[in-house]
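For reference, chains read A, B and C in written order, and residue numbers begin at 1 within each chain.
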Amino acid sequence: MTLADLAVRLGCRLEGDGAIEVVRVASLEEAGPGDLSFLANARYAARLSDTHASAVIVHPSVETAPCARLETDQPYLAFAEAVEVLTPPGRPTPGVHALAAVDRSAEIGPDVSIGAFACIGAGARLGARTIIEPHVVIGGQAVLGEDCHIHAHVSIRDGVCIGSRVIIQDAAVIGSDGFGFARRRDGTHKKILQVGRVVIEDDVEVGAQSAVDRPAVGETRIGRGTKIDNLVQVAHGVHIGRNVILAAQVGIAGSTVLDDDVVMAGQSGATGHVHLGRGAKVGAKSAVTKHVAPGEHVAGIPAGEVTEWREGVVLIRRLPDMKKDLADVEARLAALEARLK
Amino acid sequence: MTLADLAVRLGCRLEGDGAIEVVRVASLEEAGPGDLSFLANARYAARLSDTHASAVIVHPSVETAPCARLETDQPYLAFAEAVEVLTPPGRPTPGVHALAAVDRSAEIGPDVSIGAFACIGAGARLGARTIIEPHVVIGGQAVLGEDCHIHAHVSIRDGVCIGSRVIIQDAAVIGSDGFGFARRRDGTHKKILQVGRVVIEDDVEVGAQSAVDRPAVGETRIGRGTKIDNLVQVAHGVHIGRNVILAAQVGIAGSTVLDDDVVMAGQSGATGHVHLGRGAKVGAKSAVTKHVAPGEHVAGIPAGEVTEWREGVVLIRRLPDMKKDLADVEARLAALEARLK
Amino acid sequence: MTLADLAVRLGCRLEGDGAIEVVRVASLEEAGPGDLSFLANARYAARLSDTHASAVIVHPSVETAPCARLETDQPYLAFAEAVEVLTPPGRPTPGVHALAAVDRSAEIGPDVSIGAFACIGAGARLGARTIIEPHVVIGGQAVLGEDCHIHAHVSIRDGVCIGSRVIIQDAAVIGSDGFGFARRRDGTHKKILQVGRVVIEDDVEVGAQSAVDRPAVGETRIGRGTKIDNLVQVAHGVHIGRNVILAAQVGIAGSTVLDDDVVMAGQSGATGHVHLGRGAKVGAKSAVTKHVAPGEHVAGIPAGEVTEWREGVVLIRRLPDMKKDLADVEARLAALEARLK
């Protein structure tokens, strides 16, 4: 594809030779002739000078580049589109693999692909063009919308309801039993059957090995456009709004509510029954233990206002000095007091 | 089922119209006519007034309710039983799916169900009525007791020994190799073959994507009635007692011992070779680095007495002020000292 | 095997009766007649006196033992070898299981074993003697070297390149999509197709349920001899050097670089785009947020020099006292100042 054609496709302003043939997207460091690269963050503009890319996607504020440029206000978005144009994803041939086990009562939409050894339970429904990779297990009465892509070894348990264009990475589990037990007087734990619903709305992505539990009553819900990274725990009865971002290894305990646009960074957690308001941000490794106001940015263990935490936590390393200084001040003060008695 | 019959089944005292038909258990918020709800914690009694449930399970101390009541000292336990009565779990038809791979030397008890694409290794034994969902892999010589329920994509490796009424959620791994290496002088790591045993006693539940490793020598053991949530790591040679609770994303390093009734909250961890005494409690996100006495409640990084930690950790945010105050005091003191020289 | 023969195999100096028959390796506590045990750490020499082992592997500095001894400077390494000699691992019969789905364009080396329900994609290549356990899914064009052992339920996605003697424990995922999204002006997130490479070099081990993501451009790479425990997250574009150790539940965010010999302890994490120098060590639960110098030992949240952190963090519990002492000093100082006005 010529750079001129690509500029039109991506809605970028072209500066340089539009006849250049571009065949691949690559990072600034590894790019060579024929590659299109990108500078997502104008802070790193110095890296541009060393690239061997044939062209780069940049913000108009970037002053120089050693090659042709595609200018746009949103270089990262244009890069995302360029990957799609230059590396169109293949997709498996529609049809059901001879070695899949599809219950005869399942409803399979047009142009669905079902891979080897996939299991589709009784009464399950798959929307048009959905791709079920090998070794996926879909329980009875589960429903998936159109254009989903469910990767290998995913478990979708009975009755789970999944929207359209949902992507689930390998070995994630949707609809496993919530962790609910009632303690008997003898110290043993009685299991509470988890028979509630799990709903995953349109355009959600769930990472590899993440788990979304089913509650005893009511539902666990993940809102439209929310993206969940790998190894994330979403407990029973959690309600997650739209366009939320959960980074890897985040854990959210039972019945907690995340409103739209919340962002939780890696390895952070939220205790049960708390509410994170719209657009709240949680720092990496933080532990949310109480409600977070809309738009608030919190960090720490326990999580609280982020700047306060950052300014305080660096002083932990100064505590031995502070303790010594305090003892020193106390001794000097005692000496003065003694003199003046 | 009438409310009167249910009261008898649950051992509750009925107050209200026993002829009401109850068909479902639901939360206070979503309950409607025909639904039974519950108030597990008397603190939230105010929520009762808005429910549309036909009946609620409550503690006798709760004063009013807008509907019929089932009174009991243990409302959460009665709720657990009500779910079972009103939503009896289905179970797959006994028998071996035509597409399962069961070694001919495996011993399969009466009324066992084995799902599609399950693999049962040579010499494995499955007790009566155990349910093996699709895509479970059970290694050679592994033993499972009666009435177990092993969900899809679980790996149970060779020789693992599992008791009766054990539930393992999807994609958990039991008996993977412990993380054991001997460092050579050249900096490379020689694998130590992990050929020890894994024993899971009766009535244990293991969550989705949790891992229980096998040791090089000796055994890893999980005691009767212990409940483990999702994404938990139990390393090689760990010994866990009875009725222990491990919340999601907990990690326990090699050879650590947890006595009966220990509770570890979400994302907490314990280093290797430590001992948590009976009934010890570990707060969320905490890092246990040394022995914990029976009944002790610890929290923090590193974990120690919980109240001390909680009172200290909130002052981290005050450290910049304390530092400034300390400098101020020091300056004022120096001024006084100078005057009095 | 006689102890004399074993001494020769392990390169140890024998002290005691070389005619003893040794059949098993066991821990000091559980060893009985016929068992070989070991003392990896001379600190625990007191435990030797109670063992019923027939022989022990010890460092020459250990003075007494109640049984025959195999002396070596590296007892842990000798123990590792003894396990191999006395418990030689079985291996499945070479060949392809009748219920495996192997694409006809895949190249399968000599003496490869492929288990039931394994899927091998188009154009994939497996080196000699590699073992593919049941339920492994290997994507199209993926390459594995010789003598690998891939356990059940592992996903190796399209085009992933794996060296020789690589071990992957159950349910790990190699080559899942990196967590890359570009935010649109309306707050929704556009997926960036992740079409980069994943390379795992020779002699790597990856633990159960760990995930190694594929980047959008460039590669994710794990260097030769690196060992990764269970439930570890390796994000897109991470570069890991040789002989690195990542303990359980570690998380490494995108594009971070770990040089050779780095060690990260359990539940620690590193943010994106940072560099850990050769031999750097990260304490358990720590959060690396900036570059770490070669050989540096860091701990804490955020991570910094380890001794400073350890000495500071224990004083968090003293903060209420320090605050009170500071207030007390301030009051006494104010009183003095007033007197001297």
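The criterion applied here is as follows: a contact is a pair of C-beta atoms (placed from the backbone, for glycine too) under 8 Å apart; a residue touches a chain by one contact, two chains touch by 3 or more.
Please read all numbers here as calculations on a predicted model, not as lab measurements.
S.K.: Between chain B and chain C, two copies of one chain sequence, what rotation angle (nearest 5 degrees) aligns their Cα atoms?
M.R.: Rotation angle, to the nearest 5: 120 degrees.
S.K.: Suppose you list every residue number at the chain A-chain B interface; are over half of them used by both chains (same) or under half (different)?
M.R.: different
S.K.: Between chain A and chain B, what distance separates the C-alpha centroids? Give it in angstrom.
M.R.: 25
S.K.: If you look at chain B, which of its residues touch at least two other chains?
M.R.: 99, 117, 135, 153, 171, 209, 231, 249, 267, 301, 313, 316, 318-319, 322, 326, 329, 333, 336, 340
S.K.: Over in the complex, which chain A residues touch chain C? Could you list them?
M.R.: Contacts found on chain A: 25-27, 29-30, 74, 76-77, 79-81, 83-84, 87, 89, 97, 99, 115-117, 133-135, 151-153, 167, 169-171, 203, 205, 207-209, 225, 227, 229-231, 243, 245, 247-249, 260-261, 266-267, 284-285, 301, 313-314, 316-320, 322-323, 326, 329-330, 333, 336-337, 340.
S.K.: Per the contact definition, I'd like the list of chain C residues that touch chain A in the complex.
M.R.: It comes out as residues 99, 101, 117, 119, 135, 137, 153, 155, 157, 171, 173, 176-177, 179-185, 187-193, 195, 209, 211, 213, 216-218, 231, 233, 235, 249, 251, 253, 267, 269, 271, 287, 289, 300-302, 304-305, 308-309, 311-313, 315-316, 318-319, 322, 325-326, 329, 332-333, 336, 339-340.
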